[in-house]
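Have a look at these structures, which come just after this line.
Two complexes are shown next, each including chain A; its partner changes from chain B in the first to chain C in the second.
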Partner chain A sequence: MSPGFLLTSAFAAASASLVVGARYSRTWLALVVCAAAATLAAAFRVLLGTTDWEWRSNFAIGGEAAHLRLDGVSAVFLVLLCVVAAAGAVYGREYWSDAREPGSAPRGRIAWSAMVLNMGLALLCSNGLHFLVAWELFTLSAYFLIRLDDRRRPARSAAWLYLAASHVASLCLFAFFGVLAARTGSWDLGPMLEHAELAPLFWLVLLGFGVKAGFFPLHVWLPSAHSNAPSHVSGILSGVAIKMGIYGIVRFSGWLVVPPGAGWVVLGLGAGSALVGITFAFAQNDLKRLLAYCSVEHVGVILIGVGGALLAVAHDNAAWGRLALAGALLHVWNHGAFKALLFFCSGSVVHATGTREMSRLGGLWRAMPWTATLFALAAIAVAGLPPLNGFVSEWLLYLGLFDAAALRSAAAWAVLPVAIVLAMAGALALATFVKAGTIVFFGAPRTQVARHAHECGPLMRGPMLVLAGACIALALAPAVLWPALARAVGAWNPAWIGAEPPAALDRLGWTHVVLAGVAVLVALVLVRRVRANGTRRGPTWDCGFAEPTPRMQYTSGAFAGIVGGWSAWLLRTESRYRRPRGAFPARSERVERVPEMVLEHVLAPTGGALVRVALAARKLQHGRLQAYILYLVLGLAGVALIVYFGGAP
Partner chain B sequence: MNVLLDVLLRAVVWLALAPLLPGIITKTKAWVAGRRGPPVLQLSYDLARLWRKGVVLSTLVSPGFVIGPAVAWVAVFGAALLLPLGALGTGLGFEGDVLLFVYLLALARFCTAWAAMETGSAFEGMGAAREVSYAVLSEAAIIAAVLALCVQSGSTSLVAMLTPAAGAGAVLLAAGLFVVLLAENCRVPFDDPNTHLELTMIHEVMVLDHSGPPLAVILHGASVKLLLFAVFLTEAVLPMGSLTPLAATGALAASVLVVTLATGMTESLLARFAFRRVPLLLTVGFLLCLFALLFAWRGGPA
Partner chain C sequence: MNHALDLLIGLVMGLNLLALGSGRLPSLIRAVSLQGVALGVMPLLMEPEVRWHVALVALATVTGKGLVIPALLRRAMRTANIDREILPFVGFVPSLLLGAGGTIAAMVLAHELPLLPEQTGSLIVPGALASIFTGFLLLIGRSKAIAQVSGYLILENGIYLFGLLLIHAMPLMVEAGILLDLTVGVFIFGIIVDRIQREFDSIDTRKLTTLRE
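Take a look at the complex of A and B:
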């Protein structure tokens, strides 16, 4: 079946799901999954084949002929979209079911269809006008998904923040596409490398798509939106929606001439975003906020790859540029898989306990063994540790950076600090996920809700298992993926077509297989040995402390305390501490909150100052006619003075 | 077949020799203090005894508490197998294996910290938090050192990186890596392996609840890690490539012994640092590696 036929049927199914979604949830699910499967098939046909798919309509929509194009770059993102959209739809059927949420579930299904459909269209559209329409519709449907739970105030304000941030970004995109169309004389998109004068437009691209991608410091909307949305929505937002921003940056940095400093800027933004994002993530006490900040880190990691590739183009070093870009694109897939899995796991926790606050959880593994195991797996993946998929893409990225350093090219001035920053971010990611995984799932339950948790049902578990399977497959057979990555790299820069797979990639895959095998074997031997020697169960020894209570366990705030101290200048943690007083203290508490630094310490004061200036200026408008006449006279006098003294040359 | 034999031989060397190092360090310390000290093979005796012992498990822990140490051991052992051993070159090496080396050590840290946190003990939580937080600095130092070797040799595979001499920055690199060795292996002045009930320790506190075979696996893994850092330090500094295989093996063995004795002497002559100075010392280690990197960058042929 040709990609055209597959995509047409997927479009038909997705549109039909929009119509039937409100009433017939089962039909809706079937249609969404079918549409995803058909699109997936089309994307893989293009990725593994040699030709792009392109289609121009002979009729006009909104004054422009439709122009769709599926090439290597868009296919990579389309694959991710299909997998997460289908998994999230199945997951949402149990997580946000009609029975539990009769008010918002039908609305949620329609918004889901609309968002997925428009993301797909945005990936395919090769016409600026249509791209903008699809992009705007995707942004709006995401808004409705974020405020699905609109009885809660935080969800409503998070959605507003998202909408405001997205429209600042949209403004940049309107300007970008408008100028592009005016300069090239057509809304049609495609490689425009002959227009060297368009290079400054790249900054608009970076700003416009950067807000959606959510790198630091444009991430202000991201933590609250991702944490307050229902978890299946958080999964697709973090897994796919922010990747749409990356798509925009990758797409237009490939199609346009970029300004000379672009590689340095993108690399710097990526490194900063990685380190700052993960520092904030480590300090969070809210499980989903932690995951959201971790997405800021991973967007940074992806940008490091893109920036490296831009730098390599500028310095004409194809070999390591290819590796960096391939690493970035593979990280798009990897992050999509494990971050969606992590959000689904956290959704399962919220479903079972009703709280995201880590200090209220603990000991969930007994009641939720599946969720705990899958979270542990995803934690290893997200920390970028072998033998899982996060390591494969970070390895490719590192290899690109190291090769650049080994060449001692001029680019290495940027590459050396970035590699060190990446290593520190990796170590912090490890710390973050040790904390998140063990505080939530291990130890003793800290509250009653944690004690009475329950495992999620098969419809939630199934998609989680599929995503976990994807993580494992991506880790064990990276060499199989190389043709797809090489194709995307070739679509980005035609000069880099036909990249040979690095010989080591195959070795890495085999090493992963052997490592996983040996680890399982040794674990089995050790478990058998422990059984054979006999075990006794007792309370945690804790250096002989006699009466431990669950409240005496290490908390998430305490765990992050050391790094929190190092980065206090950045985090600006607010804490409220009521000390125990007197001989019989009634109550004492310590509450810590990590504010969204850019939002609360930069944007809010700036916005407040602007409002104050505006209010002051408003005093000029008071409705007294005589004063207005005075303004007129003064204005006229001013103009006359300028004319008189400015004079003719 | 040859590769397999090579790997097997190296595995035997690593697994058998590693437990000697902590013994040598203890012996050195005893000698400086004028005591006789336990035999060098004490750790091996302990391991054999622990392997036969029963296990006390906390009621809170999951099977991950036993699996964690196993995976950590495999990770450290895997990282060790990536290193060449003098005449025994590595048969497993590939371009970029140096990153696998660094990240396998991280995997071991992840598993140890995870298993420690499973017990729900505040004590072990404290140790795990310290371990993962200080690792941020030591990871930066290791990557800087590795980058220095990479720039020096123009390669990203461990075998090629560790063959040439480290050039002008060798002394800096050795000092930096020695600091990292002390920190990562929980030696004085970062940590005191002799204490068990101190609030200032990092690594020891994480294994408080382990017993029997899992504890044996952890202790053996820790000794392999010590040997691994000693070998890495030695090979990073010495020009292994310019020696004959026999001389290289001899030089390697001698310098590992020197590093071990130096660790023992450090432990004898220094007290453990106040806790807030630990990050400072680690930062110094990082800066030493960074300067080695700059030396490698500025000096040497392109």
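Take a look at the complex of A and C:
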């Protein structure tokens, strides 16, 4: 079957799901999964084949002939979209079911279909006008998904923040596509490397798509939207929607000439975003907020690869540029898989306990072994440890960066610090997920809700297992994936077509297989020994407390204390502390909150000042006729003065 | 002859100040109507011999500004059942002072303006400027709609005074058209005042601010 046929049927199925979604949830699910499967097949056909798929309509939509194009770059993102969209749809059927949420579940299904359909269209559209329409519809449907739980105030305000940020981004994109169309004389998109004068447009691209990608400091909408949306929505937002921003940056940095400093800027933004994102993640106490900040870090990691590739183009070093870009694109897949899995796991925790506060959880692994195991697996992947997929893409990135450093060119001076930052971010990511995993799943339950947790059902567990399987497959067979990555790299820069896989990639795969085998073996032996010997319960060393309670366990704030202290200048943690006093102290408490720094310390004061100025100016227009006449007189007098002194010719 | 004209313009300026200083609406309307009559007589004094064209303008002005419009205003005042401007935006004494200052400024400004030699000595230009200023001051400083209409009329009188400089250049039809516009304008204003009064029980324009958005 040709990609054209597959995509047409997928489009038909997705459109049908939009229509039937409200009433028939089973049909809707089947249609969404079928559409995803058909699109996945089309994307793989293009990715593993040699020719792109392209289609131009002979009729016009909105004054422009439709032009769809599926090439290596868009296929990479399309694959991710299909996997996460289908997994999220299945997951959402139990997580946000009609029985639990009768008011918003039908709405959620329609918005889900609309968002997935429009993301797919945006990936395929090769016409600026149609791209903008699909992009806006995708943005809008994401807004409705974020505020699905709109009885809660935080969800509503998070959605508003997202919408506002998206509109700023859309403004940049309208400017970008408008100028592009005006300069090239057509809305049609494609490689335009002959227009060297369009290079400054790259900054608009970086800003417009950067807000969606959510790198620091444009991530303001991301933490609250990701944490307040239902978890299947958080999964697709973090797994796919922010990658749409990356897609835009990758797509147009390949098609347009970029300004000379672009590589440095993107590399710097990526490194900064990685470090700042993970620092904030470490300090969070809200499980989903932690994951959201971790997405900021991983967007930074991806941008490091993209920036490296841009730098390599500028310095004409194909060898390491390919590696960096391939690493970035592979990280797009990897992050999509493990971050969606992590959000699904957190959703399972929220489903079981009703809270995202880590300090209220604890000891969940007894009640939720599947969730705990899958969370641990995804945590290993997200921290970039072997033998899972996070390591493969970060390893490719390191390989590219070290190759660049070894050339002793000008780029080496920038690349080495970036590699060090990447390593620091990796270490912090490990600490972050050790914290999240242990606080939530180990120890004793801190509250009643944690004590009465229950495991999620099969419809939630299934998609989580599929995503975990994807993580493992990506880790064990990186050499198999190389042709697909090489094809995408070739689509980005035709001069880099036909890249050979790095020699060590195959060995890495085998090492991973051996490591995974050993890990499974050790785990089995341990489980067997524990089963054979039985578990013995006794008091831990109790510091002289006669009656230790679960509340005395380390909290997530305590866990993050040292790093929080190092980066206090960045985090600006607000804390309220009432000390116990006297021999019989009354209630004492310590409350800590990590504000969203850019939002609360930069944007909110600026916005407040702007609003005050605007309100002051608004007093001029108070509806009093007399004052309007006064303005008129003053204006006339002003004009008269200009004429009198200005000396009209 | 020009002495008489200057005397009339001086009367107009004095009436301006009276309009600014009076809080009672009937005296304001009386000032406006007197001003209209004075303006109407002026064209007759400007010409050595009276031609039918100028006589017609004079007659129309005296009837329109001196009789018809003030009558309409009085009727509106009676319908609205008020006769006082209370709580103006600019108080009576400040507006008097401003008006006096404006009159002096008008004299100075007229001195500075590049006028034709035969008009440099006359009071027409300063009188026109002072009337326009007074009209604006009433429009800005008063809250009652009728006081504002009076301000508008005085403003128009100032413009008419300027127009006198061009009495030969301006065709009769234009003059008549302006007069007609003015009458219709005041007529409509009277109706609006009536409606506002019925709707809000007041013709205080301050109460209209809630309609701004």
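The definition used in the following text is that the second predicted complex is superposed on the first by the 590 of 649 C-alpha atoms of A that agree within 3 Å, B and C clash if a C-alpha of one lies under 4 Å from a C-alpha of the other, contacts with A are read in each partner's own complex, and residues count from 1 in each chain.
Here is the rule we go by: contacts are C-beta pairs under 8 Å (C-beta built on N, C-alpha and C of every residue); 3 or more make two chains touch, one makes a residue touch a chain.
These numbers come from a predicted model, not from an experiment.
Where does A:Asp403 make contact in the superposed view: on chain B (first), on chain C (second), on both, or on neither?
Touch status of A:Asp403: first partner only.
Report for A:Ala423: first if it touches chain B alone, second if chain C alone, otherwise both or neither.
first
Answer with first, second, both or neither: which of chain B and chain C does A:Ala328 touch in the superposed model?
A:Ala328: touches no partner chain.
Tell me which touches more residues of chain A here: chain C or chain B.
Answer, by number of touched residues of chain A: B.
Looking at the overlay, what does A:Val205 touch: chain B (first), chain C (second), both, or neither?
In the superposition, A:Val205 touches no partner, neither chain B nor chain C.
Of the partners chain B and chain C, which touch A:Leu81 in the superposed model: first, second, both, neither?
neither
Quick one: is A:Trp365 in contact with chain B, with chain C, with both, or with neither? Answer first, second, both or neither.
first
Per the contact definition in the header, classify A:Asn533: touching chain B only (first), chain C only (second), both, or neither.
First partner only, chain B.
Given the complex with chain A, which residues does chain B contribute to the contact?
Where chain B meets chain A, its residues are 51-64, 66-67, 69-71, 73-75, 78, 92, 94-100, 102-104, 106-107, 109-110, 113-114, 117-126, 128-130, 132-136, 139-140, 142-144, 147, 150-151, 153-156, 197, 208-209, 212-214, 217, 279, 290, 293, 297, 302.
What residues on chain C touch chain A, complex-wise?
89, 136, 139-143, 148, 205-206, 208-213
Under the stated contact criterion, what part of chain A meets chain B in this complex?
Per the stated touch rule, the residues are 362-363, 365-366, 372, 376, 380, 383-386, 391, 394-395, 398-399, 402-403, 405-408, 412, 416, 419-420, 422-424, 426-428, 430-431, 433-435, 437-439, 442-444, 502-504, 507-508, 511, 515, 518-519, 522-523, 525-527, 529-530, 533-543, 548, 550, 552-554, 558-563, 566.
What part of chain A is in contact with chain C in the complex they form?
It is residues 621-627, 629-630, 633 of chain A that touch chain C.
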